[in-house]
Amino acid sequence: MKLGVQVNEGPYQHQASDSAYQFVKAAVEKGHEIFRVFFYHDGVNNGTRLATPPQDDRNVANRWSELAAKHDIDLVLCVAAAQRRGIADADEAKRNGKDADNIAPGFRISGLGQLIEAGIQCDRLVVFGD
Amino acid sequence: MPTLHTVNKSPFDKTSLNSCLRFAKDGSSILLIEDGVYAALNGTTFTEAVKTAMKNVTVYALQPDIEARGMANKVIDGIKLVDYAGFVDLVEQNDRVESWL
Amino acid sequence: MSEEEMIEGGGEGVIKKFLYLNRRAPYGSIYALESLEVVLIGAAFEQDVSVAFIDDGVYQLTKGQDTKGVEMKNFSPTYRALEMYDVEKLYVFKESLDERGLTEDDLIVDVEVVDAKQMADLMDEQEVILSF
Amino acid sequence: MPTLHTVNKSPFDKTSLNSCLRFAKDGSSILLIEDGVYAALNGTTFTEAVKTAMKNVTVYALQPDIEARGMANKVIDGIKLVDYAGFVDLVEQNDRVESWL
Amino acid sequence: MSEEEMIEGGGEGVIKKFLYLNRRAPYGSIYALESLEVVLIGAAFEQDVSVAFIDDGVYQLTKGQDTKGVEMKNFSPTYRALEMYDVEKLYVFKESLDERGLTEDDLIVDVEVVDAKQMADLMDEQEVILSF
Amino acid sequence: MKLGVQVNEGPYQHQASDSAYQFVKAAVEKGHEIFRVFFYHDGVNNGTRLATPPQDDRNVANRWSELAAKHDIDLVLCVAAAQRRGIADADEAKRNGKDADNIAPGFRISGLGQLIEAGIQCDRLVVFGD
């Protein structure tokens, strides 16, 4: 089964990103294909490399990056949502005249069309949010 | 054409479970996750509504979320507990997923 | 980089039934606005799109919104533009209107007002449901 | 020792208004802000509960939030509209602020 | 830099009545955990602290929480440590327990179970109310 | 009147930060003293300088920075919440081995004690959140 996942909330504040991560991990372990994880709304806040959570807690952003690296999963941050909330890659930072970027490894920034495409291409789309 | 409905909010806090129950067709499935699992418990003011719904829909609850909240011994009889792998299976077995956020 | 520059064809020829499910009021949270942004971008993909408004989602469509005082963008006129994007199937749940003391006359666009069974049927016809 | 209670969520979506009404003492004030202003309207399933509460507490609604949502002509008689400056005055006039988030 | 390094005296001698108002379930959102963190840090300031649990907040105190499956930190044992920080006034709203089919026996710490009038009185005695 | 304000949510996703800003602005205009605005939970996400919201929308982070500059208001981001969510100043970035920081002008990072202190020092504390 080819799966698309949408994540509407950032790390920690709500469980949505945790649930989505556990779902994606379980799906991969069962041999399903994760076509794309699309981060929308505050979900884009999952894609920062500047977080330093307490040692005794999970590292939500790192965990996504590691899962993506291990299983070649496409993690996409919505460009419009990311611009509103201050998540930028090097290109976006340059384009918008910012002196720094903060995107985490394994994430890329792209348009909402990538969400629609996931809906078209996937057998199922599952939405996680608040 | 069965649908898998997911509900992730406590029925005491938000009205999304009620909305889900309004539209869930006979034969569809509801998976309670996150704080939604509080709807799966005995002895609450929502127990009867959930039991009534169970006559027409199959109700599941995510076991890791039940356990996190210390509610393993309070689950209504007939509610099926699944882990994340079971969640994936439910997504596969249904034709679409409708998230009641 | 803007949304428009980023649209790529992703599955030419495939037409799926997409439902955008709106259940939140505008302004108190951004879900309504960002849902509308998906609908507009999604229109370029020429899918079979329906947009449903239930629960507080019906408040998104009310006339007379004036956001000067809260200094936020009033996006309600954009619902009127949906037709130009060939997004024409807007469904509003009658009970949600009734509970809020609203009627079709309070809404900024023409919609189809449906009952619970019709709405449940609509949901059950879909291939993709995006919830906001 | 009056309290200013603020409620910022739609009563259709969350149960925080109900909780506030459970604990708001006679003579206290409730200020409806953000999506909480939907509780200030005529003709809804919450109108009667709010009117009943108004016998014991003073209910205010934030006018900018009412206007943003296009509800200026639907406000229950007796609910006082205030702007942000009026919000500040209410904070000053009461001994404490309790936010029902 | 950690929280502990950042505590500074801020108003020596002043003792105010602080109420921490907990109305959310644990794990579904972070409010419960971050509320507890404020209570612990706040203890160093030696104020007159009360902690109230109403609505889904009562779920924060339930016994038997096991977060292995969700891979989150189980912070419920920390409520037991509050006493060591001289945070001893924990109030639970009886109706909130009743609605959820819970009793005092389900809770991980000793609390005072109060009715609506007692809880309303408690709220009305406070000088600062922090809502989570 | 001496006022403290707590903001529990980030920009855009919820109106909380907007409401808090309008409240603070109105209080300043009425001549009250804003002792401190304390950003907790996702509220720390208000303190990024990397956001580029659409031209026709308000810029929530900038607006806070400008208000702080104009009226010398103390904007404090909770250090623990900021670490979890990836908001860092130069010191925090260095301490945590990060290659960039993203804090906006006018904000500073400090401990939860600053919130308690605001409760002690202020005549009123007002909380805005989801």
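To keep things simple, chains are lettered A, B, C, D, E and F as they appear, and every chain counts its residues starting from 1.
Following the convention adopted for this analysis, a residue touches a chain if its C-beta (ideal position, glycine included) is under 8 Å from a C-beta of that chain, and two chains touch if they have at least 3 such contacts.
Keep in mind that this is a model prediction, so the values were computed, not measured.
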{"item": "Touching both chain D and chain E (chains)", "value": "B, F"}
{"item": "Given chain B and chain D, the chains that contact each of them", "value": "C, E"}
{"item": "Chain whose average C-alpha position is farthest from chain B's own", "value": "F"}
{"item": "Most widely separated chain from chain D, with each centre as the mean of CA atoms", "value": "A"}
{"item": "Averaged-CA centre spacing for the pair chain C and chain B, given as whole angstrom", "value": "26"}
{"item": "Distance between chain centroids, defined by C-alpha means - chain A, chain B (Å)", "value": "26"}
{"item": "Residue list for chain F, restricted to those that touch at least two other chains", "value": "8, 12-13, 15, 22, 41, 54, 57, 80, 92, 125, 127, 129-130"}
{"item": "Multi-chain contact sites of chain D, meaning residues that touch two or more partners", "value": "8, 12-13, 15, 34-35, 64, 83, 96-97, 99, 101"}
{"item": "Two or more partner chains touched - positions in chain C", "value": "27-30, 55, 70, 72, 127-129, 131-132"}
{"item": "Touch relationships between chains, expressed as pairs", "value": "A-B, A-C, A-E, A-F, B-C, B-D, B-E, C-D, C-F, D-E, D-F, E-F"}
{"item": "Complex contacts: residues of chain D adjacent to chain F", "value": "6, 8, 33-35, 64, 83-85, 87-89, 91-92, 96-97, 99, 101"}
{"item": "Touching residues on chain C, where the partner in the complex is chain F", "value": "27-30, 70-73"}
{"item": "Residue numbers on chain F that touch chain A, as the complex places them", "value": "10-13, 41-42, 45, 48-54, 57, 61, 80, 83-88, 92-93, 96, 98, 100-102"}
{"item": "Complex contact set, residues of chain D against chain B", "value": "12-15"}
{"item": "Residue numbers on chain F that touch chain E, as the complex places them", "value": "6, 8, 40-41, 79-81, 91-92, 95, 109-117, 119-121, 125, 127, 129"}
